[in-house]
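There are two complexes below, and they share chain A, which is joined by chain B in the first and by chain C in the second.
What follows is the complex of A and B.
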């Protein structure tokens, strides 16, 4: 009787799988941020380290990309929200036939592939720039400007959908009532419709900002010579990535979690049931106030930052490096016995000159870089992949052998 | 201060559809005037013409003698009370009432003072900080009236404001509305499809059908002397009999309605267009005008058979069959029961209570 019947276990199993599917990648990503291995991975575990956060802060390209992304995000919100709101208001006031066709037009940018929007934005503004004989420094060729306008085309449509669902519940006689009572149309809009739309404006702002931040398809074309968070990330992925990407993930996840916790605490604090519970207990009232919770989380976050700044894993990483070097030595000796070719001296000269990157750090990148090199396009072999050229030495069979140890 | 309103040959057309045709009437200052008609008869459109939400296709709307063409709703001396009241759900009661002052730039303190005064008037003192959702239907009604009165308009327009209330509250609000109107002395223009509301509150009523004003008069005239078949059948209940005019001497007509002897019916000066001998006509006799005959000596007597009875407490509504024609008879429940099933029922009615009109469209029940 202790064993549950297999049927009764299905929901539990399903839930486990579901959450594993949802959160598994995130958890692994977070763990890799603290592994000193040069490639983001959980196993083999080398050293607990916080160096990747330091590396992240020192990564000028990424920081600049994040800065650009934030500027673009704010620009998109400022432009897309009024456009979306105007479209929703218009749709709510026209007749059913016109509404159907207008709706299709407004929604079309969502259906058009982001790549197409990106390309066409680029071409469109280039044409206009050419028409006005504008120099290349003008905003027609500015990545930030082009990206804002490219993203606005479909993010405005997203925000319109958010507004539409809210405005459908708006009673238009309220506007008429305001007009009848002497309000000007502007006053009726500001004092009656806008307060009603405020929650939707809030959620549309968040949605638009996030959609802008995470957009890649369109941005990669419109950003031209500049960069955003996503384009920097994608180039990192292509040209060999390290766990500082995981560190970015940890920061984003932490911010999201802190925001979600404060929001949830605020909701519960304002609920009617809780108001009754804390009515008689002032201590609990203070303890569960969203401000208190935010303060505690803030202190925890500052503590985490201080810890990350001060934690020193050099001893451990040095030891690992030593082990690897020993292994390398052993492998080379073995290799020189197996295949006595003239290239054998290459690693012994390369590895010591790059002490910050262990020989395993470059291996995955090496495989990819090797393909490109094989195709003869070594112009794309970047500085972050110093072992691309040494691919011949780190032949797959050898690497597999090293991982097995 | 009150202003008179006049509609001069007002037409409103929406594409092919004519919502209002040739409305021509004057409403005196301080009058309680009702537009009564079935839904879709154009009464709300007419109201929107007066309040400024709708421009007439043709004709002139004058308020206090001034042509209102091109004057927006926010510039007219009218205040409209919407069917759904249109209170602002996100504002407190006091902020709702003070809204017209707010948009006119009145300072906060004065606004609050005026809102408190009006809350006093509508018997909701000290409730200004409540939310709209915390009020009952009748209270919301009163708040809507207070809000409309906040800037002292000259004309208050009411678009079926009581239709969402339950019966008891509706009857209560009728008296209250009338009392408020007497107290503030404004012109009230009231839209309703409920003849009870129109008859109890109004000084004068305009009965509308299909965009046309059929008859204008006080409640008594409309009820007792309708000038068209539509008004006769829409206001109150009526038995309709098709008949032919036999004679008409200007004061009295005789009409053959196929129920035995010819009926004698009075011509009334306020009644509809005159009928000549030989004309086909519709004869209307109200259920309460029909009378159980005690003997065979009454005028306009005829026989019928009992079919069924609806018991309403104070009234008994009896359905009778007179030679295949269904008739309704309303009797006060005085405890007696002179009607027995299957026994013939003898009826008569006074000549001044029969109404003969040219055949026309009847209101669908």
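What follows is the complex of A and C.
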């Protein structure tokens, strides 16, 4: 028994590590959204703040991008779902040889890099537009239309796969029965096959919408001069790292989690085992109803929004600012005492890209590493002892130097 | 095609058959084939101002492809920069794919064979949740994680592993970790589907006959799951080599991904034919590589699915 237990723990341990890789980065990103530091980071922790969310709401470009993304998402669903459904039905009705070659064509857009799909769509419609001598305001050059076309190319393939896995379980004798009872083939299609496909239409719609919302590679080419949620986000990230991007992530992760929880609760509620458990417990039945859970989550979400709107971290941020100023003052005095002549060159010799107000970032000294840092700066740290006391000072300016650009 | 249409009419009636044919034709021709052909056509043309398009100078040329191999200089040159970027992209994509396979195989196996019912469903849900977070936000998370004041550097220095912050961005560690992270799900699900359909009795039989755990995997599970492994690897490889967001956000300053070259020719370069040619090169090289690998491992493309 004792010999066995460590070995039996390996799968669990591995899964734990794996999920740490999966969730760790997301958790850290979420934490950074609540740190008042101007750069998204966990340590040094300055103040708990919700200001980044406010900054988000005020960001017009982002709001406009989200609006465009929603329009595009709806457009993609409207076009891609009928195409995917038609492709799946056709595959289920043709002979094996034709099916194999059709399947290869249908699956190809998933494997073709999104970049290639994006630019081929752009070029193609540009050609068509030129051919018809269309003016530049026409839809051949319109980012929204082009993006819908570009995204449908591969999202139709996703939805086809969803439909295909459903249609494989379709009992074709049902259609035959309908035909025997005098239904026309069209009636059989509308009254038998379509209702059978209904759940798959639902899940394919969700999948297509989300895939459209999060697509970047294709969109960045086809969007032309317009913008979507992802293109705005990407330019924000490349322009400069900013905790308000983490705040976007918090919102998206929350929505995803709420969706996942409701989905799981619904599955569990509808399972047979649970139906037996709640059969004679009405209170439990109400409590575990997906609607109830959704309601509770909704209230929690509203509570979170209200909290974010009303929380005020000004006092704390002001104090942090004050501490930084005091520290900078202290450092500058020390510098002028220790190395009177080359005041400016001493620190810049260790880190060339250090801005003159570099020490301002070294707030760690004020919080925790006071002792160590004090000792470090006593011996005129930056020049003579690059690693000893540089720990607190080194880090934040490095961030300005390398990550700012 | 006419036979196909008549067959569909016979099965579904005229109205539905027209819908099926129309929807699939629009997709295949208008969205898939014609744009690709246009791109192919474009890649063999000169970069002309709009006024000259269709004029006498608008002739076919291999100029754009020649540029990829020889660079902008006089003839006989060698475009080491761009070719190097292509090879680096492919090599990195292979590396990321293999890394994903190695870390995902145990997870898929544990999920498929050791857990059941509600627990397995919950684990699958936990796998999907990170996948719905935007690709850009995921890359951003790795940027925070690996930044010079990021958690990894702070912890590493706190533990005394290294003295000064390591520039993970410049070293491309962040890029590889982010890319591997981005497409993990596309590796796990094909593996999971393949392994799940394996009869557990086969594993037990092998164990009864004295196979070690290593032999069980090498001789029973992996050969059986080969189509799943192939489709997972194909998906991850194609998506990684075609990735744009992660290299843009996580790539080092002097380090380009091949898709970024395409993007540059298109946007800042304003040279669509050359961008098309580069996209064609990327597409052809990737497809050749995938088909070659499949030929070597004797898997057919029809077995690929999600």
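One rule holds in what follows: the second predicted complex is superposed on the first by the 313 of 405 C-alpha atoms of A that agree within 3 Å, B and C clash if a C-alpha of one lies under 4 Å from a C-alpha of the other, contacts with A are read in each partner's own complex, and residues count from 1 in each chain.
One rule holds for everything that comes next: contacts are C-beta pairs under 8 Å (C-beta built on N, C-alpha and C of every residue); 3 or more make two chains touch, one makes a residue touch a chain.
The structure presented is a predicted model; accordingly, all values stated were derived computationally and were not measured.
K.L.:
Under the superposition described at the top, does placing chain B and chain C together on chain A give a clash or a fit?
P.N.:
fit
K.L.:
Between chain B (first) and chain C (second), which does A:256 come into contact with in this model arrangement: first, second, both, or neither?
P.N.:
Touch partner of A:256: chain C, not chain B.
K.L.:
Considering only the touch criterion stated at the top, classify A:327 as touching first (chain B), second (chain C), both, or neither.
P.N.:
In the superposition, A:327 contacts neither chain B nor chain C.
K.L.:
Thinking of the overlay built on chain A, is A:42 touched by chain B (first), by chain C (second), by both, or by neither?
P.N.:
So A:42 only meets chain C here.
K.L.:
Tell me the contact category for A:278 with respect to chain B and chain C: first, second, both or neither.
P.N.:
In the superposition, A:278 contacts neither chain B nor chain C.
K.L.:
Is A:294 in contact with chain B, with chain C, with both, or with neither (first, second, both, neither)?
P.N.:
So A:294 meets neither chain B nor chain C here.
K.L.:
What is the contact status of A:178 with respect to chain B (first) and chain C (second): first, second, both, or neither?
P.N.:
In the superposition, A:178 contacts chain B only.
K.L.:
Between chain B (first) and chain C (second), which does A:93 come into contact with in this model arrangement: first, second, both, or neither?
P.N.:
Second partner only, chain C.
K.L.:
Regarding the shared-chain residue A:192, is it in contact with chain B (first), chain C (second), both, or neither?
P.N.:
After superposing on A, A:192 lies in contact with chain B but is clear of chain C.
K.L.:
Which partner, once the models are overlaid, touches more of chain A's residues, chain C or chain B?
P.N.:
Of chain B and chain C, C contacts more residues of chain A.
K.L.:
Looking at chain B versus chain C in the superposed three-chain picture, what is their shortest Cα distance in Å?
P.N.:
8
K.L.:
Quick check on my understanding: which residues of chain A belong to both its chain B contact set and its chain C contact set?
P.N.:
184, 187
K.L.:
Within their complex, state which residues of chain C touch chain A.
P.N.:
The contact residues of chain C facing chain A are 4, 7-8, 10-16, 19-20, 22-24, 26-28, 31-32, 34-36, 38-39, 42, 50, 53, 103, 106-107, 110, 114, 118, 121-123, 125-130, 132-145, 147-151, 153-154, 157, 163-165, 167, 169-170, 181, 184, 234-235, 238-239, 241-245, 248-249, 253, 259, 262-263, 266, 272, 275-276, 279, 282-283, 286-287, 290, 301-302, 304-306.
K.L.:
If you look only at chain A, which of its residues touch chain C in the complex?
P.N.:
11, 14-15, 18-19, 21-26, 28-29, 32, 39-43, 82-83, 85-87, 89-90, 93-94, 98, 100, 103-117, 119-121, 123-124, 127, 130, 149, 152-153, 156, 158, 161, 184-190, 210, 214, 216-217, 220-221, 229-230, 233-234, 237-238, 241, 245-246, 248-249, 252-253, 256-257, 260, 263-264, 267-268, 386-387, 390-391, 394-396, 398-399, 402-403, 405
K.L.:
Can you name the residues of chain B that touch chain A in the complex?
P.N.:
On the chain B side, the touching residues are 51-53, 72-75, 78-80, 82-84, 86, 88, 90, 99-100, 102-104, 147-148, 150-151.
K.L.:
Along chain A, where are the residues that touch chain B in the complex?
P.N.:
It comes out as residues 171, 173-174, 176-184, 187, 191-192, 195-196.
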